[in-house]
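Some structures to go through are shown next.
Below are two complexes that have subunit A in common, paired first with subunit B and then with subunit C.
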Partner chain A sequence: MSARIGVYVCECGPNIPDRIDIDRVLEEISPLKDVAVAKRYRLLCSNDGKKYLADEIRSEKLTHLVVAACSPRDHEKTFMKVCLEAGLNPFLFQMVNIREQCAWIFSEKSEATRMAVKYIRAGISRVTLHEPLLQKEIKATPDVLVVGGGIAGVETALSLAGQKRRVYLVERSDALGGTAARLGRLLPHQGTDMRLIQEKIEHAENNENISVFKGCEVEDIRGFLGNFEVSLKRSGGEPPPEMFRVGAVVVATGFALWDAFDPDVTGYGKIDDVVTSLEFEAMSASGKILKKNGSPPRSVALIHCVGRKEKGYCSKVCCLYSLKFAHQLKDSQPAPDVFEFYSDLCLPEKTDQDVFEEAKKRGVRFLRADDIRVEGRNGKIRIAYRDGSAEEAVEVEMAVLAPAMVPAPDSDRLARMLNIPLDETGFFKEAHSMLDPVSAPISGIYIAGCASGPKSIPESVVQAQAASGKILSVLMLGKTLEPEVKVSTIKEELCTGCQTCLNVCFYGAISFDAFRGVSVVNEAICRGCGSCVGSCPSGAISSKQFTYQQLFKEVMEALR
Partner chain B sequence: MSDAYNPRIVGFLCNWCAYTGADLAGVSRARVSSSLHAIRVMCSGRIDPLYVIMAYLKGADGVMGMGCHPGDCHYLKGNYNARRRFVMLESIFKTLGLDGKRIGLWWVSASEGKRFAQVTNEFTELMKTKGPNPFREEMFI
Partner chain C sequence: MKNESVLILGAGVAGMEASLLLAAAGRKVHLVEKEPMIGGQLIKFEEVYPHMECSTCMVAPQQQAVLQNGNIEIHYLSALEKLEGSAGAFKASVKKKARYVSLANCIGCGACYDPCPVSLENEFEEGLAAARKAIAVPCAGALPNVPAIDPRHCLFLNGKDTQCRACKDACVFDAVQFEDKDETAVLDVGAVVVATGFGLLDVKQNPQYGYGEGKNVYTALEFERLFASNGPTGGNLTLRNGQTPKTVGIVHCVGRSELGYCSGVCCMYSVKFSRFLKHKLPDVRIREFHTDLCVPGKAYQKFFEKTRSEGVEFVRAETVKIASKESRLQVLYQNGGRGEEVFEADMVILSPAMIPAAGAKELAEVLGIKLDAKGFFAGRPGSLSPVETPVEGIFVIGCAEGPKDIPESVAQAAAAVGKILSLIPHEAN
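On to the complex of A and B.
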């Protein structure tokens, strides 16, 4: 059967005829090979227009459709739906943009008309080479793997379990809760009830939809949105738990404190009673903030920003928890002298300024300091620092360091396994830090809490809830997923098995079939970017709807 | 047509940034040279070096690639592939004694309608000063 192409030029109200001589265009297009009809219509995207188009496809027995109208970004989907309803495969259709990139940008009507003809000819010449593609559906598992059982992981698990999802919560240590569960106190405006966090953990432990694996890590994971296969390993070499399948993965591995600081500068490990913030929290949780000799400190230095310069970013919560420590120290009887050594104060929340003002009122001294050195002197701790050009020093009995928050250990291993990137700070990289902050760049993988960078508890909880919401809207119970149709394929006869393409695909969609000696594209993972095509030295790869021949035709028309 | 020389330029535009930027140029009624014939690809990483060479040998006076700014590629890093390929193409052009200034890659974001118009117009002007691609006469069918 020979092709019967229908070409429809949309007027888009006055938009197109004002700037393009449509009759002239139709005159030039009509005689072209395989063009069965070439007509104009007022407004093809209107309900009448869509009905008209569907009727035309049927009555004219069209085998291919070209619509010359607005940008495909506006209405390509609309007309593909019309094709589907009229019984024409929607991929046997080509949209030609004669509005935005033609009618609206050329100064002369004659030029716009000439270019409209060229663009439509290009559309016609490629459309007969289109393949009727099929939208596939794949079964998806609604279950979810959460890696990391801190507050972010626990909250994610609870949100999903509340919607009847099975959640596998994998925590490497022997307890849930992460750092939040090990704090002695919360920030002043967060209240005093530490039980709230414990309750969340208990709810997660007792929830029948959540399988908690403590002392476990992910051994291996492979797959794609809707179908990941996961195996775990147990620290201590005990037999690993079963393998399971999930549809999505949430990375909630949190943070660790930077520990590579110089003992000669910070005194840590060399001078008694120089502790890290988490060691201070542990003392606070036990109710005893005491020096090594068992007596309460009469003066304490809180040193901010340890490692900020080295790491190159602000850890966001240290100023606040240092203020928390100051208030807590001032609550004890007798209250010690408290010095806050800061370089910049970060007080972003609406309640923070009050906490700061209140601390000043209670006699906490705020010292803006550079080049801080912690030295031991006669059993005391001497904090030497520079204030502008002046060299100053203060003597205290205890010093608390606020080290930078850094990614959890082995984040790089997990990232490699999941095939997702870390950013320059080593934290997990968001798909888009501004517009898609809880998604990893690979579909089906999400990031919540401090895994993507320093955050407070409420910020981590917000992210956990956001990630859960994303998963609930993508992996709907009983619904199948529709993977990208315009994927790349590798011609087995042409592939030499060189595996160049494997490294070019950022999604890990290509794997090597050692048995047959060729590479294959996993269509469920491929996003259709086409990057691999140009990398193949044998020209074995082709991307659907953007094949070599189709683009060649377009280039030839462009040069007419 | 008027006797003013109008070069033939083929442009490969990434769907997510440059193509959207070109649409925006239209929406804001920027004036763009009608020398450029735009071809939509999903990502600048899809610009197979073969097309650039083929378009040139078939008589294009200039070939433009346009993609998302570094870090903004919809498919993570396709534009870095494109960048490497254009660097490679330039040296291929040089080796073959062709004019490497007739091809190029530009970053144009979805919001840079003005920039799309500007780079296209500037490139057109440059091609005008260069005159027709010498291959046009020999090879063009």
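On to the complex of A and C.
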């Protein structure tokens, strides 16, 4: 059957006819090969217009449709829907923008008309080369793997688990809760709120729809959104628990504290009673904040920003938890002198400053300090620092270091296994740091909590709920997934196996088939961005709906 | 049976994200927005930190997706008037003001603006712009690109000229409909999400900042519009007399000590302003006056350091005052141990504290929720997640909960969706 192309020029009210001689355009277009009809209409996007177009497609038995109107951003989807309703494959349609690209930019009517003809000819020449692409459907597993059982992982599991959705919660250590469970107190909620964390952990442990694997790590993972195969390994080499299939993965591996600090500068490991913040939390949790000799400290220095310079970022929560320590110390009887050595106080949450003001009222001394050195002197600790140009020093009995938060150990191994990137700080990289902070670049993989950078507990919990929200809106029970249609394909006979495209694809959609020596696109992952097409030195990759032939014909007609 | 529909108040970046995710999950969303357009504050910005991405390009696809989504019903020019019932079965009365222009018929050609005889100040442009008409879109590029008639000023609607039909006559699409009436919609929903955003502290209240008519002292939002290529000057950074500024002072933390909290994002956007300025005026001298620099998280300090390395001066300043000296401005401040210093500037930009959106108090009353001490909506005491308010089934996201930047606003939006989808699962499940 030969092609029957229908070309419809929308007037868009006065917008187009004021500046383009539409009758002239139709005269030029009508005689072209395969053009069955060429007509004008007042407003195709109106309800009457859509109905008219659908009737035309049916009555004229059109095989292809070209609409010359506004920007495809405005109404491409509208007309694709019309095609679908009229029984024409929506990919056999091409939109030509003669409003923004002709009518609104040329001052001469003749020029705008001439260009409109060219663009429409270009559209016609490409549309006959279009393939009737089909929307695929992929079956998906609703179950989810959560890697890391800190507060972010636990909250994710609790928000997702349900009667028909199992969550596999994999924790490397032998306990759930991560750092949050090891704290003595919680800010911004003062007092006994540690109960909240414990309750969450218990709920996760007792939830019949959550399978908790403690002392385990992910051994291998393959697949894509809706269908990942996971195998675990147990530390200590015991037999791996099982293999299972999930539809999505949440990375909630948290953080570690930077520990590469110089003992000569910080005194850590060299001078008694110089401890890290987490060691202080452990003392606080046990209820005994004591020096090595068993007596309570009469003066304590809290040193912020340890490693901030080296790491090149601010860890966001250290100021707040140092304030928490100050309050806690001031709660004890007799209350010790407390000195906070800080660079800039970072108190970005709306209640943080109250905690600071309160600490000031309780006599905590705040010292803005550079070049801090912790020295041992006659059994005391001397904190030497610079305040502007002056050299100063304070003697204390205990010093608490607040080291920078850094990525959890082995994050790079997990990243490689999942084929997702880390950023220059070593934390997991977000799909879009502004608009999509809880997704990894690969569909089906999400990031929550400190795995993507330093955060407080409330923020980590929000991210856990956010990742759950994203998953629940994608992996709906009883629904199939509809992947991108305009994907890339690689011609095996042309592919030399150079693997350039593997590195170019931001979404990790391309893998290398070592057996056949060629690269392969996974159509379930590909988003059709086209980056790989341009990168392939052999021209082996083409993108559906943007083939070389289509583009060539289109450009040639536009230039002719 | 629980109602699966959701009411979202506010169509900023947070409200739009929540709407899209819920709609993707098959939920019916009622998105209530007080303006005739969607997008919130972000559509005022040229670029956003830290990657200096074009802001409108970033949100336009999101706005389009909201407009084109069949599950999202947008109620423009609307406000929640009454809420009854409880989680899973709320009854919401939404008061919708008439737009007087048909969303179905209007194609946004703009033919109606010129004929309109009324000229008004344009609020969207922070008063910087030339006038707008009584029939107008709030800003260039507004989405949806459909004007609304301001009934207070339209001569026909306010009765001053019963003959004026200028816009109606100009419209060939028959989109102007004077017969539109305000109406009240009663909606059944299972959950409510508050996403009403923030406002900025009114600097006029405090003479210390030297803000006043005709002066080259700008608020942060004014400066955003001044820099925006779709703004009143087409992005030309000029003083009120048309000259190019050679020295600029940027004052952080305006109102922080009075209000008792740090707004978390002003340091970053102030540094962004220096980037803007350096980009367009490479020789400009800039001094930023800050208290504590707040550049939290893994990416922000680098942004600050890079800006400083381009020659922007950062000084720690207390008790900042702005005074006029002839045609120029003076920034007087205490510089720690060094005592009082003075910086002469052609232009001063104030970064005022972020405060609750206008009307937050009234809205809280309608919702039956207590605001926190600072006037923001807040999470339930005893919950680790700030998006869960004390009233079950009502959530708060974005800057309505407190000052924050885009990623945190968006994360809270998705978090509320996570809670809603898990608390009110689809009945067929």
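By our rule, the second predicted complex is superposed on the first by the 526 of 560 C-alpha atoms of A that agree within 3 Å, B and C clash if a C-alpha of one lies under 4 Å from a C-alpha of the other, contacts with A are read in each partner's own complex, and residues count from 1 in each chain.
Definition applied: contacts are C-beta pairs under 8 Å (C-beta built on N, C-alpha and C of every residue); 3 or more make two chains touch, one makes a residue touch a chain.
Since the model is a prediction, treat every value here as computed from it, not as a measurement.
Of the two partner chains placed around the shared chain by superposition, subunit C is the only one that A:E459 touches, whereas subunit B remains out of contact. Of the two partner chains, subunit B is the only one that A:M115 touches; subunit C does not reach it. Contacts of A:P296 after superposition: neither subunit B nor subunit C is touched.
In the superposition on chain A, the chain among subunit B and subunit C reaching more residues of subunit A is C. In the superposed model, A:Q353 lies in contact with subunit C only, and not with subunit B.
Looking at the shared chain after the overlay, A:K486 reaches subunit B, while subunit C stays out of its contact range.
Residue contacts after overlaying the shared chain place A:F546 against subunit B, while subunit C stays out of touching range. Shared-chain residue A:R73: touches subunit B and subunit C both. Once the two complexes are laid over each other on the shared chain, residue contacts for A:R527 go to subunit B alone; subunit C is not touched. Contacts of subunit A with subunit B, set against its contacts with subunit C after fitting on chain A, overlap at residues 73. The part of subunit C that touches subunit A in the complex is made up of residues 13, 17, 21-22, 24-26, 48, 50-51, 53, 58, 62, 64, 68, 104-105, 107, 109, 111, 172-173, 256, 260-262, 264-265, 292-302, 305, 336-337, 372, 374, 376, 379, 381-387, 402-404, 406-408, 410-422, 425-426, 428-429. The touching residues of subunit A, when paired with subunit B in their complex, are 71-73, 97, 99-108, 111-112, 114-115, 118-119, 122, 421, 441, 486, 504, 506-507, 527-531, 533-535, 539, 543, 546, 548, 551-552, 554-559.
Subunit A contributes residues 12-15, 43, 45-47, 73, 77, 151, 155, 159-160, 162-164, 189, 193, 196-197, 200, 308, 312-314, 316, 344-354, 357, 388, 423, 425, 427, 430, 433-438, 452-455, 457-459, 461-470, 472-474, 476-478 to its touches with subunit C in the complex.
Per the touch definition, subunit B reaches subunit A in the complex via residues 8, 10, 15, 19-20, 22-27, 29-32, 34, 37-43, 45-51, 54-55, 58-60, 74-78, 81, 85, 117, 140.
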